[in-house]
Amino acid sequence: MPRLTIDDLQKIKEKYKAEFSLREGGYRAKVTVHMGTCGIAAGARSVMTAMMDEIANANVKDVIVTTSGCAGLCAREPMITVEIINQAPIKYCDLNEGKIKEIFKEHVIGGNPVEKYALVAGCETTY
Amino acid sequence: MGSGGMVVMDDNNCMVSTAKFFLEFTADESCGKCVPCRIGTRILLDMLTDITEGRGNEKDIETLEDLSRDIISASLCGLGQTAPNPVLTTIKYFRDEYESHIKDKWCKAGVCRDLCTFLIDEQLCKGCGACLRVCSSKAITGEKKKPHRIAQDICVRCRSCYETCKFDSIKILPASAMEGKTKKLLTVNSELSTKIW
Amino acid sequence: MERFRANVMLCAGTGCVASGTMKVKAALQDELKKRGLENEIKIVLTGCNGYCAKGPVMSVYPDDIFYQALTVEEIPKLVEEHFLKGRPCQKLMFKEPEEKSPVPLMKDIPFFKYQVLRVLRNKGLIDPEKIEEYIARDGYQAAAKALTQMTSQEIIQVMKNSGIRGRGGAGFPTGMKWEFCSKVPSDVKYMLCNGDEGDPGAFMDRSVMEADPHAVIEGMIIGAKAIGAHNGYLYVRAEYPLAVKRLQLAIGQCYEAGLLGKNIFDSGFDFDLEIYQGAGAFVCGEETALMRSIEGKRGMPRPRPPFPAHKGLWNKPSVLNNVETLAQVPLIILNGADWYKSRRMHH
Amino acid sequence: MVELTINDKKIQAAKGTTILEAALKNGIKIPNLCYDKRLSPYGACRLCVVEVEGQPRLFASCSSPVAAGMAVKTNTPKLRKIRQTIIELMLVHHPLDCPVCDKAGECDLQDIAYEYGKPEARFIRHRKKAPPDVRGPLIELTSNRCILCGKCVRICDEYQGRGALGLIGRGFSTVVQPAFGEILECDYCGQCVDTCPTGALLSKPYKFKARAWLLEEKDTVCPFCGCGCTLTLGIREGEILRSIGKENRGVSNGNLCGRGRFGDEALNYIADKLKAVSGRYGASAIGAIGSHRCTNEDNYALQKFMRNVIGSNNIDSSAAFGYAVAEKAWEKAFGQKDHRISLQSPLNKDAILILESDPSITHPVFGLNILRAKREGACLIVADSRDTKLTRHSSQWLRIKPGTGLALLNGIMKVIIDKGLFDREKASSRNIGTGFSSLELTLKDYTPGVVCRVTGLTEEELAAAAEKYAGAKKRMLSVTLSITENNKSLDILLAAANLVLLLGDSADALQVPAEYSNTFGAYHMITQNSDKGISEMFYDSDSLKALYIMGEDPAINFPDSSKIISRLSSLELLVVQDIALTETAKSAHVVLPASGWAEKDGTFTNTEGITQKIYKAVSPTGKSLPDWQILRNLALTMGKDLGFRNLDDITKEINSAFSLQPSALSPQPCFNPVHYTTGEEPDSEYPLTMVIRDILQHSGSMSTRSKSLDLVVSEALLEINEEDARKYGIPDQSHVKVSSRQGAVYLKAAVSDEIPEGAVFVSPHFPHAKINTLTRFSANGGSGIIAVKIESVK
């Protein structure tokens, strides 16, 4: 490691922001991928990977991805829940990678729920 | 202790033994430079040991307090100046425990092995066998659903049965309660039990 | 940069390590790899969480699920259920005695719930062996501020105003202690840290040194600047090998990053720091005995005066602060005296 | 200064002093056991705690500085109670073995316990039972009695800088022990013993000797070095049982070294032995040797010690081999005492005759004047077997065979008489004692032919020398004589005196310089009027049983080493008082270290009889003391006082006792005819003649201890003629074994053309060469020419 300047301290802090928003809970949005047996069978895994890729490509640091069990609507899997802090959570269903891109762009980043894919708003939060 | 830490204890702890524990530590850790700390803590420890082993006498509490105060005033550093605190505070708040150790030779918490006897109250014992299973020295005998008994000459007074019993049927009595009877398998009847309680 | 969706903060304090943290970690790594999750789930070893009785413990972020009493056998199931299926494993969660339902979140467990972490602000949140993680949590900001924007007098004034008192037990006002020493003219002074925690059953200093070594070092840098010392010793008992190791690593990282040594933050201020391991005498936690011990002599207290602020280590003006006291210093410098005062415990 | 009150008494104290110091200074007693004013505050015994008004805590007065306005109370009921408890605690484990403890009666712990202790003990515990550590030779450690005040450890480390003691262990099991628990490896200064407040550290020699209260205490000055520490001797029934340092007494203020503390052993031993020898054999069995290296005062003190304390008149110095011989000749020939030369005497002389000597080496400044006289026109005749600086500058070099100077002198006188080169009438008038006729008769046989055969000269050379010398107006004849040279003796001085008288010269025409800077003084202080001299003490009989040697090394410097060493080792007491451990000191029963000449004041008297003061130039090394002080203290130990307390006292006494002016004897010159006798003749077994001569760079065995002089000449050399070297197969710088009938030594050969054939020269100065192994003693001075053989050592 080279000698640090005061600016370097800020840069390091910035660089680790994503990691720490995970741990400290300082994130703005949380995407929960429902990974019950049904979800996995329906392709939840690739949906989650797509969401992770979107986040990484956009270099967004205040969005976290988490998983949960079956959301209780196996027929409509893969499903995700997007929670923007201080807004009602939105559940999306029948997802694929393309829809994820759109949801990420419009909802996660833009803050406007993508109504055409949405199942319901204001459902219970996950752990 | 020096750092102002806190230790939480309940009535399963004998306060004389607790004071003794801290004095063991300070007597061992005294650097040996100044007289009150080097010799005084050692004397305190010896006296506490005597009390927990049944050799206490009536003047001891007064002597402990007096010596403790002198050690605190005269010691060179914080070690000696605080080492007697456990003695003083346990005497202050749990004087009765000291008194029962000294006068009745009875450690009510059952910690001081020379000052207690564990007996099973036949009326409370359900014969569940829990105590029998935890007894490492196999001192407890008894048939299922019938009151169990503790063989006093085998019992090492480890307290395991006491902690295990869910029916409070195991009582801690002074060692003298069993004087002359230790060779026999004994139970205690509730009459005796209540009398002493 | 890799993105992980979850961080597993596995406790690597002395207690948990003794209970098997390292075996659990290996099992976790194996299992995550087996499930193809190794690039999604990150394992971080942390300092002590203060819950050694039920170790090894770990918490999973972002969910904040707290697991306790982990065993190698439980790991495959845990990985499958939690990390793959998103179903936290109830069996390994904390249960109140006499209660049946588990408490999944760390923040809901009564033991943790009411804790306001200041000294241990980074406990369980950072990897104590990585300086970057400390920096990411505002580490060395206070040192930067103290070294480049504040005079010694200003630092001391903040300390005095904050009302902080020594956390080693005697409770002497730290600001005053620094002020006494700063006023003694001398080319050589020493900034010392007392990590000789010897009380039976006391591990608060150990948990700071293990969980957040940089906080102590940063406190020492600030203190050194305040009193005008350019040399420091961290006196740590040899019975704390993990604390010694992490402090040693941290000091090495600081030297590499220029946070110790010459001309820190180009402020012109030099400070060298090394660890001195105590041989385990309780009395060496006493200020004057500790200094004699560093001098290589028999660790025995000596009468005061002279006070260490005038004649301490090698008869030079010295300040000795407790680990916990020093770990608070960066907070006070960053947040100000009033902030500290408003949150101060009543002594 | 700050003002405070102690027990309501107003007190001024310097800033920075401790409460205890301030109190003690003002006569207020505060009990303490770990305080020692020489050491930094320790604060361990806690007995000195005091109350300070307005302060809740007690202050350890030994470590708390005074402050203005402080109100201190030192003896409140609270404090008495605390002190009582502390003493009670100390006594829990301290064995109450006062009845068998040497400390009892002067034990600080005992005293304080008496004052503060209480009759009943609340705590009865096991006492410590460690056996005493008696392994060290002088100090015994009984840790059972130790109260761990740490004074011994600190005085050793902080004050003596030795650090031989340490505290080992922690808490209750702490003990004082020698480092690493091994045998006490220390300076044996005994400071720890004196500072110990209990009987934990005790002096082993004093153990069980006397109860403290039975001792009579007398202060004296320690004899062992220039510090002059105040010893407090503990005396019982006239016997010194111990010596200790007491605080606030004398210059040393309680500090002593091992010499002072345990050294009374040495003086006691000497005193006892001297008394025993004197009792059994009489005082005449005790002898003493003084030294030209010591001052007049030292030598005076020695003779006074011998004569007044021992009652023996057996005292001598190495002057016996040189200056004493000159003195004897002087008295015999001229009826005068106190022969002295004048360094200026060669100047303004017309003829100077030097016999087998090289004053330019032995007395360089005198030699320079001889050379100057030669330059200014004097005829310098040098008779010497060896090529020297003087022979090279001489007008005539008479290269005689070694040791034949006497024959030469007789030959010269014969020529003078035969040729009538003298005033017969005047010579004949000197008829007191042996007359001129007797001289004439003796010289009858010394015809030029005989003399030239003996000396190896030609008759012309002999005649020319005689004529030149006798023909001069002002003449001077000089011979040097010393313990170290073996080719001259009393006879040659008498012959020289005969020549002086024959030619009608006054006594000062004969110049025989004393050997060393204070040979003259030493002779006058010591040798005069003694009963047994060196010859009786060493060579003639076995009557001597005890010998006190001051500043001399007979085993090296006196002839016939093997005899000397056997005499020394047969003595019942040999005391050597010297500045270094000499060969002689190696056989001594007691060696007392004395200061060297630059380390003390005093006077030296030179060969001219001029007394000069010498001044202390450097501090004495280590534990040494001027010789006179050692003697004075020894006398005190033996219960006698030499009557002087300082150097001035002695100087005054010397001045009144001795007149260093020429004696009042009326001059009665007379001839003392002497025959030439051969020394040991070379024969087939010992074919070479060995001559011992001084060399310039050294002066006796002491100068060989000079590192710088040793850089110039560092080894005893055997100088040998080139021809002889070839003949005996001795390469230059090779090692040779030199044997005489007395013994053999090994030397390094130096092939030289300065040396005549048939002779070898050695210098006597190197102790390790042990030249005197080869020599014999001759009562006439010198050891005589000896025959030696040399062998090459491969």
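First chain written, first letter: the chains are A, B, C and D, and each begins at residue 1.
Everything that follows uses one rule, which is that a residue touches a chain if its C-beta (ideal position, glycine included) is under 8 Å from a C-beta of that chain, and two chains touch if they have at least 3 such contacts.
Predicted model only: the values in this text are computed from it and were never measured.
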- Message: When contacts are scored as defined above, which chain pair ends up with more C-beta pairs, B-C or C-D?
- Response: B-C
- Note on the structure: The distance between the C-alpha centres of subunit B and subunit C, rounded to whole Å, is 38
- Query: Using the average of all C-alpha atoms in each chain as its centre, how far is it in Å between subunit A and subunit B?
  - Reply: 60
- In angstrom, rounded to a whole number, how far apart do the mean CA points of subunit C and subunit D lie? 72
- Task: Quick one: report the Å distance separating subunit A from subunit D, using the average Cα coordinate of each chain.
- Result: 103
- Message: Which positions in subunit D are in touch with at least two other chains?
- Response: 42-43, 60, 167, 170
- What are the residue numbers in subunit C that touch two or more other chains? 281, 298, 300, 303
- Touching two or more other chains in subunit A are residues none
- Once you've mapped the touching chain pairs, tell me: line, ring, star, complete or other? other
- Residue numbers on subunit B that touch subunit C, as the complex places them: 1-5, 7, 21-22, 25-26, 29-33, 76-79
- Per the touch rule, the subunit B residues reaching subunit D in their complex are 27-36, 38-43, 46-47, 63, 67, 70, 73-76
- Tell me, which parts of subunit C touch subunit D in their complex? 281, 298, 300, 302-305
- For subunit A, which residues are in contact with subunit C within the complex? 1-6, 9, 12-13, 15-20, 22-25, 27, 30, 32-37, 40, 48, 52, 55-56, 64-69, 126-127
- Item | Sites on subunit D touched by subunit C in the complex | 41-43, 60, 62-65, 166-167, 170
